[in-house]
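These notes open a run of structures that come right after.
Two complexes, one shared chain (chain A), two partners (chain B, chain C).
Now for the complex of A and B:
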């Protein structure tokens, strides 16, 4: 009886989750009348706008990850080492981007950093790109900080630091050669999740008028029939790939022998 | 960030240097998270020339804006409730249902992917499934003569959006509630059974009260999650369904309300709604952690 009920819940759920995936895959293959083909994918990949926007978003994601790591790792390390009483405060702040909708944050950017303000970031292309990158870093902050902080919990930060210091290492050396390698798996998990978030992000890029992949998908969706389905399949593949890589690196850590 | 207080730490002479370490972080969150939000909050109470006013907030209470908030809240509540219910059923199926062990891992991994598969592509997936020429729509029409449109179903509506949002709501529920279900100790069930409780009584009088805070907490989180979603809604409905995020999007793009500071008030209203939902979440979460360690 209980088993029937459990199977029922599972099958219902699986049906709900697989139908849209089948639907989009099926639709993406139906561009040619009467037979299945990869025409929609060819069209998408051949579109120069696809290549431009996709490259743009990949670059944004990479810069966001780089910036995020440089910002979060030293901060999380420092808070654990020297300012443990501040941890709840920092944690609360890093969770704020989950509370404040992205559209509100970017609205604030537009009003705060417009051409007539003290820091006119939206006045130039480079400035807007940097602003968008900061926006993405803000969106990724909850995930990045949580990942790194959890990673730091598993190592003895204080002892490692004192050992390195007594051997003559400076702060930069400690961070780059001791702390970072020890939390690498956590950093990579945060990085892949950041990548998955940035690559399809729509709201911030659209409102800052940058040619990113998210707004491109939305535009294509408003004008075409089959290509959007192909894009959805590609996007799902990317998300799946990023999450799969997280699983892979964390399994790698579990199976690795606990060396110092 | 607050400045260094002399009584904050015993070795007072080295104190100021400690604070320098988080200066980059403090500067970043101040400039790109706190100040922009403050700008919106303050702007909601200002006239265009900068003096204090409540006129913008009062402007929210016009029928069209209230209707937008109302449908947003309805969609968020519906998708959060259904997400909790279905997610809970699936999570308890894999934890207690006696299903093969091999199902749990893949389902949790899939939940991780699906909870991140939001935004524009999600809308495309549902258009290809329940849209006018979607696979389910066509299947029902050609095999059963069932026309979803004739029955009043439209993807660009309250139910359409709710069903679509469930695609990231259910997995999020599964991810959050599975550890909580794992935390229910076998001893509690055995103790209840020894005292003569039936399965239903165990659930009603032991398990459910213990789980209640995390259930309600997750409900609040899912609510905020749906309330702030912009991209899925825009890709799905264009601007035909007037929910708050879409209205705000249009307002930022081109001042459709004809008053820039009404935009601030609209955004401020969003912060208030998601803020309340998350405050409930945090409060209930700290209560549930008393039992589930």
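Now for the complex of A and C:
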């Protein structure tokens, strides 16, 4: 009897999530009257603004990931190695972007880095792009930091560091050859999450007025019927693709989990 | 001047003094063990030599060069850890090659050296394995090969065998000793296992609460412990408490029995307490056993250790252990038996604090 309820709940949950998706996908295929077609998708892919904004966001995502890795891996490593008592504090700081709305962050940025400030980043396109990248990195920080910190927990950071030092290695070598490769899986899952966040982000890109994918989706959604549905399916596919890749890399981990 | 010298080393962590005035000179190619109970500061001294901790005061000199200003990665010191600490992302070959690559050695020379090292530890066939595919003993041998591949000035081993099971512990310690002698590496080996220290060291430093209680060859440490701590920690010496009866005659009262020491007791007067020590192999209860001194006592327990039988005997207020060889023709004593232990007066050591 209990089993039936469990199955019922599962089916209800699945329907709750999949029905809108199925409906949306169905709708996106119905641009041509009376038959299924990929017309809406073709339209979307053919739109130069799609290509432009998508490329822009992918590039932003890649730079954000690069910056995030360079920022987070050494920080998380150093905190674990030298400042273990500060870990809760650092963890709290990295969680702040979850509590502070993106709009507050971006207004803060605009105030701090406007054209009449000491560092007028918004004065040039490159500056604004960099600022947006910093913004994305902030949004992705909670995920990136947690992923890397969890990865570091699986290795004996202190002893491995000392072993490498006694063999003559300096900090750069230790980070690049020992620490990073051992948390690579964690870094990759952080990277895919970052990618998914950047591709879908709207607020920051819109307020900084950059041609990103998020604002494009919004624009399209406000003006068209079938294309937004196709776009949503595409965006959804990208996100799920990222999650799938996270699963995949975790499985391809070369070394076994360390013995406890 | 000695190769590695530690002079007046002190170390405190905040208000806690962990190492007090530690002095030690180690010759080139020597194998020295730090032996002592948990928490006595062995690891701390070792880490100061490696540069992972800096001494609160004192001087560390290796090969004429003051080390205090050098970072750990500038000291060229090989280190082997209790937890192996192999790099999990690298296979055996790359682990051993790591130090050579860091030093910028070219590839053919690195490969040759790695091969030579793996030959030394007899693991050439496992060069492609990752650490998690190796047993503990194999991992520790790789860690040893990795540490000596760079031809370190000094090799430091911090309880490298503690995580291994008893059989491998014995075979690996002999392997370590043999490789060390073959290459002539100056080595410091930390252990809290006295048998380990006695069996492989040129010299032993017995440490007690952050001090070196005694420094000497295994023979000296075992046979002539200079403090009560060394006597009780090294070997299985029995400590016997007595009272001086007549210092000039060397007479001592133990419980209600009186015995005579080999020499007069200097610096004590009648009625003073005195501690004596007896090694388990020095006494015998066999019929017609030799020995100019005898103590009667009651058997408390016997334990069968294979080739020897260890018997514990209550004499006065103390328990004395002694060993006898197993003899299938003679049944061991049972608890409650009254026996007489005979030994030579010269085997009875006077322990001074």
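Odds and ends about this structure:
The definition used in the following text is that the second predicted complex is superposed on the first by the 253 of 260 C-alpha atoms of A that agree within 3 Å, B and C clash if a C-alpha of one lies under 4 Å from a C-alpha of the other, contacts with A are read in each partner's own complex, and residues count from 1 in each chain.
Here is the rule we go by: contacts are C-beta pairs under 8 Å (C-beta built on N, C-alpha and C of every residue); 3 or more make two chains touch, one makes a residue touch a chain.
Keep in mind that what you see is a predicted model, and the values were worked out from it rather than measured.
Looking at the shared chain after the overlay, A:221 reaches chain B, while chain C stays out of its contact range. Legend: residue contacts after superposition of the two complexes on their common chain; A:237 is shown touching neither chain B nor chain C. By the document's definition of touching, of the two partners only chain C reaches A:160; chain B does not.
Judged by the touch definition given at the top, the superposed model places A:120 against neither chain B nor chain C. When the two structures are aligned on the shared chain, A:211 is found in touch with neither chain B nor chain C.
Look at A:173: by the touch rule set out above, it reaches chain C but stays clear of chain B. Of the two partner chains placed by the overlay, only chain B lies in contact with A:20; chain C stays clear of it. The touching residues of chain A, counted against chain C in their complex, run 155-156, 159-160, 162-170, 173, 177-178, 181-182, 184, 254-256, 258-259.
Across the complex, chain C meets chain A through its residues 50-52, 71-79, 81, 83, 85-89, 98-99, 102-103, 130-132, 143, 146-147, 150.
Within the complex, the chain A residues that touch chain B are 2-3, 5-7, 9-10, 12-13, 16-17, 19-24, 26-28, 71-72, 74-75, 78-79, 82-83, 85-86, 90, 93, 96-112, 134-135, 137-138, 141, 193, 196-197, 200-203, 206-207, 214, 217-218, 221-222, 228-229, 231-232, 235-236, 239-240, 242-244, 246-247.
Note for the complex: chain B touches chain A at residues 8, 18-19, 21-22, 24-25, 28-29, 31-40, 43, 86, 89-90, 92-94, 96-99, 103, 109-110, 112-114, 116-117, 119-130, 134-136, 166-167, 170, 224, 227-228, 230-231, 234-235, 238, 245, 248-249, 252-253, 263, 267, 270-271, 274-275, 278.
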